[in-house]
Each structure stands twice: as structure tokens, then as C-alpha cells.
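Shared between the two complexes below is chain A, which pairs with chain B and chain C, respectively.
On to the complex of A and B.
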């Protein structure tokens, strides 16, 4: 049974956190772009944390979507990090060389503690 | 199209699934897409195949869109096949006959078995003036409704091409979607000076040929181009060292000399 991708956006310290659930595939484009727009509204978020802890499937189209988000963020001089990837998807980030450009943390707490401000 | 050997796999799908099971033992079940992704390779391996020069692939690293130099583009080429063909049929046909749909003058020497994760295919691409650009692609991902190719260092662009099919109210649509940056400054100039146009024609002709094969000969190809990132990544300007166009030209020019070297195969 396909689980549609959903995204929840909130801010921790100076970082915007996008928590994703379900399947990140071609159908996730609208969700991911809307979440990005919401996360950067106001322009404050210098760093975006993409949390994949509740994601159970990513295909190659989904990886391309993540790259698009990364490109948008880089063009706006924002950093992007990832958290909560399973061992399998960590390997996929290595294969696709996404991990060269997105720092990957084991879990959301670790990511936030590393990238957010002292208040986090 | 002549192919002489099987796929060069870094690891088999079974080995990939085994490694994933090992990595996640005791914590999670094997991911359902484990066999659809290629295993990680540091550098590509390639063996000679008939019909292509086969240079500029072995030893090269893979390059995704973030490793390239030029502006980042997302180009989507789409064709509607109508209700008679299912997405699975369309992709199975595309995988099985992939080289046959390419425009004349270009060669894709892949595995005899079609398109499978981890395969390395060798390419000779017509770039005008009788020059062939020798490069390759790596099959990054493949399932029943899509497959993705990734380019190596020296290819015209750093990126991925995803071929997919999906069903909507109008029937099945097939598309090729390229996410790319020109690999180096020379390629970026070439893309600006007509390269993008040539690429658009290339994929439109490919989709038209696929539609013709599947019994939909006159469907129009819709093209959508989006510049995802307008910035050029000057720190990757050094990618020009691997430029397969330059190397292919040199290989063409020096071929008569190298063929005369003792110990070289001349046939």
C-alpha cells in the first residue's frame, strides 16, 4: 500500500526542519516544494534539516527532487542537512554522491544540536 | 546494435540485498527497493564491446548534478501513448530495446539482458563533423515503471536521466527527464551554442521512435525546461581535465599512430 508523502515544517533555533513521511517519489514534488516554500518564508532559515526518519521509500525520481531542493537552497545560500536515513538510504546517498553535498546525521536531535543556534 | 558481453556489475542484486540485510540486521526488514538500486562503485569498470570505441569510461567516477560545472537544468520530454499500453509494458519495451530508439549515428552498447541496476553501457555519440564522443552511462536505478542512468566524469553533463511511465486519465504517458549540469566550462559553452537544442531533438526523436514501436506513431513530444540553479560552480571548472570530447578528438587523431605500435591489436 503506497503511503503518500507528507511534510511537517517547524523551526528549531535558526534551522527549519522538514519532517517527511511516506514515499518520496515523483508524486512528492508538490509536497516537497510547498514544504520548502513554507520553511524559508520570511527568509530566516539559514539551514534546512530534511528528516527522513519516517520515510519508507525513495526512488530515483525522489532523489532528483531532493537535488532540486538542494539546488534551490544553494542558490539562496542556505545549507541543507539530512537526518534519520536508514542504512539503505545512506548507501543510496553515497551512490548518487548526494552525501558529498548534504551532511547526514543519525537522527533529528543530533542534526538540530549541530546546526541550530545555542537556543536549540 | 552489437553487444558482445554481459553487464559489468559491481555486485549482483542478491549481493546488494545481502549487504542491506547485513547493514540493517536486527533493526529493520530488507527495503523493498533494495534490488532496484545499483551498489556503490568508486570507479567504473568497463570491457570492450563491438561497435563502440569504449574509451573514457573505465576508471571514471560517477557524477551527479551536484558535481557538475554549469547551470542546473531539469528537462522533461513527454509523450502520451494512450490507453492501450500499460506503464509496465512501455518501460519493459524501452528497457529491452533501448538502443534501437536512439537517433541514427549514435550507439549505445549495453548489456544483452537490457537495463539492470549496476550495468555500464558504452556510448559513441555523434557530435557533428564526423566526430564521435566516446563515453558511457551507469544504470543507477531500475524498476517496472522507471529506470535512471547516471553519467561518468568526462560526459557532456553531470547528472541523471530518468525514464518513466505513468497512468493518468488520458492513458499512459512516457517521459525522459534529465537533471544536469554541463560537466565543465567547455561543455557549458557547447551547450549554450546549440548543445541544449541538440539534446532536445535527441530525446524528442527517441520518444517518437518509442511511440512508433508501441503503435502510436504520430503523438507529439512535449518539452519542458526549467533552470533549477542559475549559478555556475567554478570550483568544478577543473572537470575539464576529464573532458571526453577533447579526449575523443585526440583519440581519433592519434588512432593511426597508436594502431601501429608494437603489441597493439590492429583488427
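On to the complex of A and C.
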């Protein structure tokens, strides 16, 4: 059964965290773009953390969406990091060279501890 | 006219044969059924995941570019075991067409600079996920054949 992509956005220590669930495919475009907008609205959000721990499928269109998010973030001088990727999708990040531009952390706690400043 | 870009595949033991309607998202049905069919074939979990991604991408391409998203036109999927080789043949009725994406190799740096479009990863992923890919066209039947070896699989 298809699991529609959902996104939860919150801020930790100046970093914006986007926790994704379900399937990152063509149907996820609206969700991902809205999450990005929410993440950067009204805050510095120098770093975006994309958490994939609850994502069970990413296809080539989903990769393209991630590329678009990365391109937008770079144009706005924001860093993007990722967490929670399975070994398979970590490999795909390597093959596509996404991991050259998006630092990948094993889990969200590790990512946040590395990129976020002290909590207010 | 018949155009064969590769020789017909060798005979083997059929593990599964099924069809999916050409509707968005049905590549998930294909990959789930292929995964079930090859469950006892000796592929390691990592290589099974690679095969699943390749099957999904090839099926998505067949749905979108081969059958042009017409729900009543099926995508046929056949899974064969030929010795150590797992062969998945994915057939649409679109005749000769590109398997997926643009002819150019995707380059992430160029995509980030806007020189290449963000999409165009499908064929690249297929090529990098499986041990072999062949394409053959017989009239309207366009088949992408994916090969994954299970023997000596250590990954």
C-alpha cells in the first residue's frame, strides 16, 4: 500500500529539522516544498536537516526533488544535511553524489548534535 | 518490422509472470512481487534492494514513457532464474523509446547550477543497481531486461 509522504518541521538550536515519512516520489513534491517553506520562514535556519528514518521508498523523481531542495538551499546559502538513511539509500546518495553536497549522519540525534547551536 | 538490439534471453526457470496497469505508483506493486518471487534465490538483502530499485525505475519508465500512462495498457513483468542469474524482463507496448531519462549522464553539479534539469536519474540508477541491462524491441513490445547474479554474492 502506498504511504503518502508527510513532513513534520521543527527547529532545534537554529537548525530546521524536516522529518519525512512514507514515500519520497513525485507525489511528495508539494509536501517537501511546503516543509521547506515552513522551515525557513521567519527564522535563520542556516542548516536544514532532512530526516529519512521513517521513509521507506525513494525513487528517481524523489532524488530529483531532493536535488531541487538542495539547489534552492544553496542559492539561499543554507546547508543541508541528512539523517536516518538506510544503507541502500545511503548508497544511492553516494552513487548520485548527493553525499558530496549533503553531509549524511546515521540518525537525527547525531545530526542535530553536530549542526545545531545551543538550544535557546 | 522487428528490431532486436540484443539477442533474445536464454531459457530459464520462470519464477513469476504478472502484469500491472500503467498507473502512477504501480511500480511499487511490481517491485513487491519481484521481491517475493526472488526471496529464495540467494540474493543478499543489499543486492535485493538494488534489484528492487532497478525494477521500480524500469517499470515506472514503462508506465510513463512506454505506455504513456494509459491504465488499460499493461506492463508485463517476467522473472526468470537462469543458473546464478536472476533476470527480470519488463515489457511495455511503446515500441522503440529511450529506457529512461535523457541521453546525457546526470551530473549533480550541473543540475545544481541549473545546466541540467533536476530529473533524469532513472536510467542512471538502473545501470548502477544491476549487473546487466539489455533492451530489445519487437514491434510494439519494448523490453528492458535486468540481470542480477546471485552466485558468490557477498555484499
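Definition applied: the second predicted complex is superposed on the first by the 118 of 120 C-alpha atoms of A that agree within 3 Å, B and C clash if a C-alpha of one lies under 4 Å from a C-alpha of the other, contacts with A are read in each partner's own complex, and residues count from 1 in each chain.
Keep this in mind: contacts are C-beta pairs under 8 Å (C-beta built on N, C-alpha and C of every residue); 3 or more make two chains touch, one makes a residue touch a chain.
The structure displayed is predicted, hence computed values, not measured ones.
**Student:** When the two structures are superposed on chain A, do chain B and chain C clash or fit side by side?
**Tutor:** Once chain A is superposed (C-alpha atoms), there is a clash between chain B and chain C.
**Student:** Does the superposition put A:70 against chain B (first), chain C (second), both, or neither?
**Tutor:** both
**Student:** Taking the superposition on A as described, I'd like to know which of chain B and chain C A:54 touches: first, second, both or neither.
**Tutor:** A:54 sits against neither chain B nor chain C.
**Student:** Regarding the shared-chain residue A:26, is it in contact with chain B (first), chain C (second), both, or neither?
**Tutor:** both
**Student:** On the A-aligned overlay, A:106 touches which partner chain: chain B = first, chain C = second, or both, or neither?
**Tutor:** The answer is neither, since A:106 touches no partner chain.
**Student:** What is the contact status of A:34 with respect to chain B (first) and chain C (second): first, second, both, or neither?
**Tutor:** In the superposition, A:34 contacts neither chain B nor chain C.
**Student:** Can you pull the chain A residues that chain B and chain C both touch?
**Tutor:** Comparing the two interfaces on chain A, one with chain B and one with chain C, the shared residues are 26, 57, 59-61, 63-64, 67-68, 70-71, 74, 86-88, 91-92, 95-98, 100-101.
**Student:** Which residues, counting only chain A, touch chain B once they are in their complex?
**Tutor:** Residues in contact with chain B: 26, 56-61, 63-64, 67-68, 70-72, 74-75, 86-89, 91-92, 94-98, 100-101.
**Student:** In the complex of these two chains, what residues of chain B are touching chain A?
**Tutor:** Of all residues in chain B, those touching chain A are 19-20, 23-24, 28, 31-34, 36-41, 62-67, 72, 74, 140-141, 143, 146-148, 150, 160, 162, 164, 166, 177, 179, 228-231.
**Student:** Chain A touches which residues of chain C in the complex?
**Tutor:** Contacts found on chain C: 24-25, 27-28, 46, 49-50, 53, 56-57, 60, 100-101, 106, 108-109, 111-112, 114, 117-122, 124-125, 128.
**Student:** Using the touch definition up top, name the residues of chain A that touch chain C in the complex.
**Tutor:** 2, 23, 25-27, 57, 59-61, 63-65, 67-68, 70-71, 74, 86-88, 91-92, 95-98, 100-101
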